[in-house]
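Please find the structures below.
Each of the two complexes below includes chain A, the first together with chain B, the second together with chain C.
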Partner chain A sequence: MDNKQEKPQTPETVKPEDGIKAENINNLREQMLLEIQQLEFTAIELNLYLDTHPDDQQALNLYNSVVPQLRQCIEAYEQRFGPLFHFGMSTSRQPWQWICSPWPWDL
Partner chain B sequence: MNSNGYQSTFIYPYPNIPGTPNISAQPGVSMPMFQFQLAHAYVPWHYMGQVFNPAEALAHGTLFPELFSPYRG
Partner chain C sequence: MWVYQKKLEYPVRVSGPNPRLAKVIITQYGGPDGELSASLRYLNQRYSMPTDKARGLLTDIGTEELAHMEIVATIFYKLTRGVSPEQMQAAGLGGHYAQHNHALFWSDPEGVPWIAAYVQATGDPITDLTEDMNAEQKARSTYEHLIHLSDDPCVTDVLRFLRQREVVHFQRFGEALNDLQGFLSSKKVF
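And then the complex of A and B:
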């Protein structure tokens, strides 16, 4: 199916008074995505470790500290750049944001 | 013979491994005999110590410094 829009236009959520110049929106987006990936990777590693070490309090503490950070970063990203998950995680403005925000390969 | 038809201990005719009986491995040896268990992994129990921060963890591909060992071929 061909993508709705040719080039990724700036989502209207970012208003000029946000103080972010248009051209470094993309590296703000990439920065926020990278942080999400880092936190997600850490959560996965801890998940795997905890599978075999369910009583390790240090690992549990770390995991329980990473999860809220991850949720918060995802929420901040989605609020500004649109959904990261195609269903069940965040609500959408009209039009359906999932197909209006650029795909990962379009970034 | 155990259930899947193989005897449990075998003499594998490796020609030049020291300590193995030097039965020369003629082609067509119908029933290979294994002396050593083929694979016996030794994995020490991992205790979490220092860990990388999330940025380092993603970059290193592991959360645990003790598991970071890139293959420098």
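And then the complex of A and C:
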């Protein structure tokens, strides 16, 4: 069984930093994205549960505790790799970073 | 309104080009029980729901299904990236290539294009939520068939995630339906 994953391409927007290989930067991007995806999944799952169990205090506490963790991870990612959100939800450095590759289907 | 996040809900990896697998997976993009049908069905049914629980749930699951459509699109895109017309033809994607080259299009594996008749909105909240539960089961079955057909463990991993989401959505729709039935019977009393 071939479990080898496709080797990710170097994102054009990220310049290799001194002493750090482009591949490592890409790994870091995916690692930070994975952390966001994991926290967001927790939020999605609790969100749907709360939609039909709005009085569950324990689930609500858990949901509320995930929110600041998720925000923190998104902020750290955006500092390094540019905006995750458009339409006024994230700021951009010069030049406008939103249009920079990679797009999600290329990662 | 909706705000885009420049990432997928779940990471998509493929082991390599695989147009044969892409050909069958396209059904969860634009087939009858695919993610386009799911997202549009739920987001469109919201307006005639009498309870806030049902309105909220259809909004949230409809939104998650949009993210699933993007995941399925990414799988197809990656499995056909750089595949030659001859390889597309050999994998049964000759018709797709003739009409769409490597672009994505909403169809089932036989090339039948997506139609709005795959979804319904009767304005009867019991009927519509029952349809939604049925739709989740049909999607679960389809993902199981795709898992049986998949020869790429990376793709199978994503398909398993998507299958599991259908199970959760079915559960939540069932709870919304129970709540709605309680709401409607209490209305009759007063």
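Remarks
The working rule: the second predicted complex is superposed on the first by the 84 of 107 C-alpha atoms of A that agree within 3 Å, B and C clash if a C-alpha of one lies under 4 Å from a C-alpha of the other, contacts with A are read in each partner's own complex, and residues count from 1 in each chain.
To be clear about the criterion, a residue touches a chain if its C-beta (ideal position, glycine included) is under 8 Å from a C-beta of that chain, and two chains touch if they have at least 3 such contacts.
Bear in mind the structure is a predicted one, so any value in this text is a computation, not a measurement.
In the superposition on chain A, A:L84 makes contact with chain C only, not with chain B. Looking at the shared chain after the overlay, A:W105 reaches chain C, while chain B stays out of its contact range.
Contact with both chain B and chain C is seen for A:Y49 once the two complexes are overlaid on the shared chain.
Touch criterion met: A:Q37 reaches chain B and chain C at once.
Contact comparison for chain A: of chain B and chain C, C touches the greater number of residues.
Within chain A, the residues touched by chain B in the first complex and by chain C in the second are 37, 41, 45, 49, 52-53.
Residues 1-6, 30, 33-34, 36-37, 40-41, 44-45, 47-49, 51-54, 83-87, 89, 98, 103-105, 107 of chain A are the ones touching chain C in the complex.
Taken in their complex, chain C has these residues touching chain A: 3-16, 53, 56-57, 60-61, 64, 70, 73-74, 77-78, 153-154, 168-169, 172, 175-176, 179. Of all the residues in chain B, the ones that touch chain A in their complex are 46, 48, 51, 54-55, 57-58, 62-64.
Contacts from chain A toward chain B in the complex involve residues 35, 37-39, 41-42, 45-46, 49, 52-53, 56, 58-59, 62, 66.
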